[in-house]
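We just call them A, B, C, D, E, F, G and H in the order they show up, numbering each chain from 1.
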Amino acid sequence: MAKQLMKGNEAIAEAAIKAGCRHFFGYPITPQNELPQYMSRRMPQVDGVFLQAESEVSAINMVYGAAGAGARVMTSSSSPGISLKQEGISYLAGSQLPCVIVNIIRGGPGLGGIQPAQSDYFQATRGGGHGDYRVIVYGPASVQEMVDLTMEAFDVADRYRNPVMILGDGVLGQMMEPVEFHYKPAEGLPAKDWATTGAAGRDPNVINSLSLVAEHLEEHNWRLQDKYKEATEKEQRWELYNCDDAELVLVAYGTTSRIVKSAVNQLREQGIKAGLLRPISLFPFPEKAFAQLPSSVKNFLAVEMSAGQMVDDVRLTVNGATPVHFYGRTAGVIPGPAEIIKKAKEVAGGEK
Amino acid sequence: MAELILAGFGGQGVMSMGQMLAYAGMLEQKKVSWIPSYGPEMRGGTANCAVVITDEEIGSPVVVEPDVVVAMNLPSMDKFESTIKPGGVLLYNSSLIDRKPARDDITVLAIPANEVANELGNTRVANMVMMGALLTQTGVVKVDSIHKGLEQVLPSHRQDLLEVNKQAMERGSKLAAE
Amino acid sequence: MPKVEFDRERCKGCELCVPVCPKDIVLMDDVINQKGYRVATVREMDKCIGCAMCAMMCPDTVIKVFK
Amino acid sequence: MNVVFERTPALSDRPTHYCPGCTHGIIHRLVAEALDELGVREKAVGVAPVGCAVLAYNYFNCDVQQAAHGRAPAVATGIKRVNADNVVFTYQGDGDLASIGCAEIVHAAARGEKITTIFVNNAIYGMTGGQMAPTTLEGQKTTTSPYGRKIESTGHPIQVSEMLATLPGAVFVERVSVHDVPNIRKAKKAIKKAFEDQLNGQGFGIVELLSTCPTNWGMAPQEALEWLTGNMIPYYPLGNFRSPEEVE
Amino acid sequence: MNVVFERTPALSDRPTHYCPGCTHGIIHRLVAEALDELGVREKAVGVAPVGCAVLAYNYFNCDVQQAAHGRAPAVATGIKRVNADNVVFTYQGDGDLASIGCAEIVHAAARGEKITTIFVNNAIYGMTGGQMAPTTLEGQKTTTSPYGRKIESTGHPIQVSEMLATLPGAVFVERVSVHDVPNIRKAKKAIKKAFEDQLNGQGFGIVELLSTCPTNWGMAPQEALEWLTGNMIPYYPLGNFRSPEEVE
Amino acid sequence: MAKQLMKGNEAIAEAAIKAGCRHFFGYPITPQNELPQYMSRRMPQVDGVFLQAESEVSAINMVYGAAGAGARVMTSSSSPGISLKQEGISYLAGSQLPCVIVNIIRGGPGLGGIQPAQSDYFQATRGGGHGDYRVIVYGPASVQEMVDLTMEAFDVADRYRNPVMILGDGVLGQMMEPVEFHYKPAEGLPAKDWATTGAAGRDPNVINSLSLVAEHLEEHNWRLQDKYKEATEKEQRWELYNCDDAELVLVAYGTTSRIVKSAVNQLREQGIKAGLLRPISLFPFPEKAFAQLPSSVKNFLAVEMSAGQMVDDVRLTVNGATPVHFYGRTAGVIPGPAEIIKKAKEVAGGEK
Amino acid sequence: MPKVEFDRERCKGCELCVPVCPKDIVLMDDVINQKGYRVATVREMDKCIGCAMCAMMCPDTVIKVFK
Amino acid sequence: MAELILAGFGGQGVMSMGQMLAYAGMLEQKKVSWIPSYGPEMRGGTANCAVVITDEEIGSPVVVEPDVVVAMNLPSMDKFESTIKPGGVLLYNSSLIDRKPARDDITVLAIPANEVANELGNTRVANMVMMGALLTQTGVVKVDSIHKGLEQVLPSHRQDLLEVNKQAMERGSKLAAE
């Protein structure tokens, strides 16, 4: 198929449809409106369902119902709306229901602003909801990657029976880039024989996260933890750029990673051995990528569009073996290459 | 690598102008990105977008120091003139902007886009006049690619507009070549 | 004698004040204000009866009415 | 000798956890009987609330999803929009439906979502220990209205059926009670009718059932039925507020 | 020469960010005039919604809290319960009030919360770019109902005033419009009356104002007023649905 | 005043009233129901307001309104209800409004169970809501401490103009212990001249978290970060027990810390040099306590009623200098001393 | 002859079945079941008309009716 | 240190019995805790609480291996008999429990609490009969402290019940001493 020039938000929507998603429940919020709007146009064309829910709370619970009924289903929102979905996400994880949730982050806290940010990293990767659960989180850095990861997200969700989140930001949602769609259905996905489709000729199926006996609930919880371990083993995704001989490794994801890549190129031109480690999966955090780094690495510099969130995962991974530094802009301000280079030089210089 | 900002009133067609450029770049196998500004400034009635067209991978699609700025109205020129890279290009719509740009370290082209468009009998192609001038001045993509893009982009019932768009580009091109 | 005053820089050129004037004296000027809007105005001020219909209709409190 | 009454197949034989004399049990049975009589048990998908009926999935012998507190109508919407052939119903208490889930029920009704809601109004939060519900009556003492419900500070109890009946999408709205056998029969009829309307694709249906909570009302079961009759029915008049026939 | 019309003190002189011809501006003015005429500007606390009126705190010359989307009635409740002497009002759009904030408005009304709600119904989500609202009319094209709103899948538009008028706590409910001067006058009267009822401690009051969104309706301002008259008023009839006099 | 025997939930309520709280907005949920129930009895007696909101979402927004109006205000809930409050909490933090939020945690995820748990630690300490904000979090371990920290919470909330959370669990909420109430109003608290009490004789006050210009919003965000830094400097609270010569330091908070203390005593009896580091403030995490530990410490063992959450803070603090181990039970199961001792011995033994 | 059967272990002793019997033959037994409830029963079974009123009223489907 | 579990049907007064013990312990300057079970088992109509009374700081208020169990009905004895520490004490209400405990490594006291209470003309004081027996057997707190507690706990309009409660305790005490 020829390349198309598409907005990130629309590309996610089309990718979902290509991956077999026929149910979308959402509620408007900037900067992701093009996603539901696209769905409202496209779903009727493919006999799918687009429904604007009365709220984000309702939308995530419609997702719960549809996922429980066995459908591939998606919802999308931006920061405040995602906060409202936290109870529902916890329920989805607790009831082991697959679905794909998109968060096109904007500046916070509170109503904040509508400019791009990455300040929902903690919420996404640690579970903003209650209880010991995790959501698998991808942080694409281009429109094409939004497409690819969205498609993959549906498969991974079905495989693990767990919600998967696509974490973008206003830049990724609003920008247009050329994209191609190549969906090859994953093989070996488990049948959804647990879905509530009507108990015809079989025992009733129950979708549930309640267990009044603590010991039973704990067993269930350890099963969830086992899934997260398995995902940590199998689903780490990352990109290494210019790391082979790097002394300073910048760590950044999403929009920020693109700017950092430019910065790395300029640093190299200036004779500084910089590289980029780009986490693509945010949960599981790509610890394996760190294991692949050469021993030449003297410093890490985490760069974020937030006040210091992913840097915790870098610290937890590096565990004191190498100094970890941080540079961040927050609330919708996008860092420029120049300021990153300045900080990188400080860090690199500080080591000499 | 070319980083462009296209700015004007809402309705002046700067958004689609940017999309056409990105589309043409894509047809030429380049890396391209397009991004609108979607901040509160939109409310003021002005709109702008940033386009990057390059052979390398694109870092930030958000352009802070553009190589080229197209300013379709005064607020846009006020806002972006100072951001242009030294040696860069400013094309401005002299039909609506009466002040002269102050920068002397950039190439400046005054294009009476609305006047030309009116002469062609369709004010809405003022953006394509600018487009013609832009391509001639910068060569960022080929005229042909824009034509192909136009064919793709115009809905079938609007293909009659193709001709006037092409004419507009030609007129703009000539103005730039002068 | 009744009259109206337009705070031109507040005017957004929406034209809502035009049809409501019982004396039909409100019209759009050719002048464009700094925000880029054609502004409303009254030419035949002497016909104004100070009824304030225009001001009541204006969403942007552009119009002050004297009597 | 023929069996003239026994447990219907759509009701599982697990003993319920309900308190002695709690009319939740009667309502469960009526729903199950309606499903069986319409022959739709194998197409049915129930949505259990958070409330005393949270374990309803143990008692209905059909597929069930357990929903977050108040969100059953949204969950049911998700289910129904996936499989339009399913007969989808929510089973909700007054706290669940009228308080936290107010937006969800109003909007499911407004959308004319083709689902059926079994609304158990017992004028109290049973499961959490007898707190005030939006349907708690004036002067009624609960664990969060220890001095009796005051209209001045907490308003009048909400008449849910009356409110939802203003929405054209709610094609069937009826309030019934289960305090005696004749009313139980009427209740059953209303439930069945609501399911039939769903099967006919008419729109949203709700049956509000006045129900007792002997435990949290602090009464013997029989006494509770009398309190219901004497206090709830006057404020929550029984009757049909809307049916598709009238709408057409 | 006397000034017979000028900006009232409760309206700040900051130019608004509203689109040309958007009637939000008129409604702002009416609210401010009502506050001044009642002499309560210094006691007033407004609650701004999320919607085009999100920046209302810049325009009302009184204390204002900006609330989360849909939650203005809850925020107003918090304010009023702290300082009963304040005159508290919410200013909300149809998405804010009738969609995400449905539970909050129903319960504020049910509680008879002594606040006043200014409800701006423009049948669309203005701020976010013209998506369907619960009040969007049948067949109306929006960015999320690109083929026109379909009753079959999204239900009938919600008539908020009619629904809230079923709640005894809502002592004043009136629907008005601002499409011409006589109606603007009536609207002002309704707003003032609602505030008066609050001052008298009567209960919850709401004024639903039919309003235009020229930008997202894709119309010139004047055209938008005509569309309102021709399409909205027939479905959303103007008039008083409830007032304390009648209640007593 | 004589000691009283009180349930944790009720003690919190009375402490709040003693600290001048006259506004409570809540919604029932087990295992914290005694708190609102107590409030419903007591508030009318002190001319205060108890209002049962229609939902947790509404309750937290009533808190917003009341806090904005200048009142000392509280809400309480348990896990699923706290998830629903996340948007509101983000707004409170963004608008810099003081309030006290109680979470009596129960097992999750989803509906989970009603038994005690600590699995909302991430949510509480990292912000389950969107944006770069933090809530100050206390984790009391006894009913008396619930009283003391609740009183302090109101002062700290007012000082930092930030929400403060009391993180308890079903055990702490349900148990009775003797308590005394000694509230001495803090001195030097800033006047609430920002409150919306009516703009009589002054310019209007605005409570707001919106800022459409990213640069302004960023400035606001850095101000918030500065507050968190100040709190990190000044508000760390902890207890060290038997740590002077400890080789193994167990780290635990709340209910778990009580059991760990018993375990530490038994370990000492068995000749193992064990100590307890008990975080009392969870955000800010008491890094200073770790700095006070002797060099004899060879291992840390974090014990939680969750699948591993606080242990991240221990790891981040220790930063690889000493091995950090983890033992947890989840979903409402309370670990017993025996299992903790077993794990502790494994850890201690593993070092020899 | 009509008769009723009580599934005693399901009975919760709520007594709701007692007053509804038109023949007044349902009463509470002295026996306590394993759950600790006094159970309902019928003594004069021959009077039973199989109307199933008791069963309709029972919240716990304790009663099976034959006719 | 004493760790007790008190269990019975809802309404048998085991909860308040536990609270009285904790209160008395507090009056004696001991460390005390009381905690109800609030799990799903409550629904079955049974209730129990755990009380710890000790001189040291209390670790877990949740008691897993009690020193003393008071079982007011059969399900309670079934549930808790096996959990008692070797050498511990089991007091059971022989009015309602007809089976004998199986354990032989603990002290067992059968108290016909309901019968005694009925003799005193008030079934509701069965718990105080048990209380008397418990105190005599274990000495966990002084009888006097319970009396003081009672005075505090009983609402003023119920102070007339004081006497019958005291009598019940005495009777229980005697039974235990036998």
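Everything below uses one rule, namely that a residue touches a chain if its C-beta (ideal position, glycine included) is under 8 Å from a C-beta of that chain, and two chains touch if they have at least 3 such contacts.
These numbers come from a predicted model, not from an experiment.
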Steps needed, at minimum, to get from chain D to chain F via touching chains? 1
Determine the set of chains touching chain B that also touch chain G. none
Return the chain pair with more inter-chain C-beta contacts, choosing between A-B and E-F. E-F
Gap in Å, rounded to a whole number, between the CA centres of chain F and chain A: 28
Centre-to-centre distance between chain G and chain A (centres being mean Cα positions), rounded to whole Å: 59
Using mean C-alpha positions as chain centres, tell me how far chain A is from chain E in Å, no decimals. 38
So which stretches of chain B touch two or more other chains? 39-40
Give me the residue numbers in chain E that touch at least two other chains, ranges are fine. 19, 54, 66, 68, 99-100, 102-103, 106-107, 134, 153-154
In the complex, go through chain E and note every residue touching chain D. 99-103, 106-107, 110-113, 134, 151-156, 158-159, 162-163, 166-169
For chain A, which residues are in contact with chain F within the complex? 57, 79-80, 82-84, 86-87, 90-95, 105, 107-115, 117, 119-120, 122-123, 126-133, 208-215, 217-218, 220-222, 224-225, 306-307, 309, 312, 315-316, 318-321, 329-333
Counting only contacts in the complex, chain A reaches chain B at residues 3, 5, 30-31, 114-115, 170-171, 174-178, 255, 258-259, 261-263, 334, 336-337
Residue set of chain H touching chain F in the complex reads 19, 22-23, 26, 32-36, 38-40, 57-62, 64
In their complex, what parts of chain D are in touch with chain A? 41-45, 47, 54-55, 57, 60-68, 71, 74-83, 85-86, 103-104, 106-107
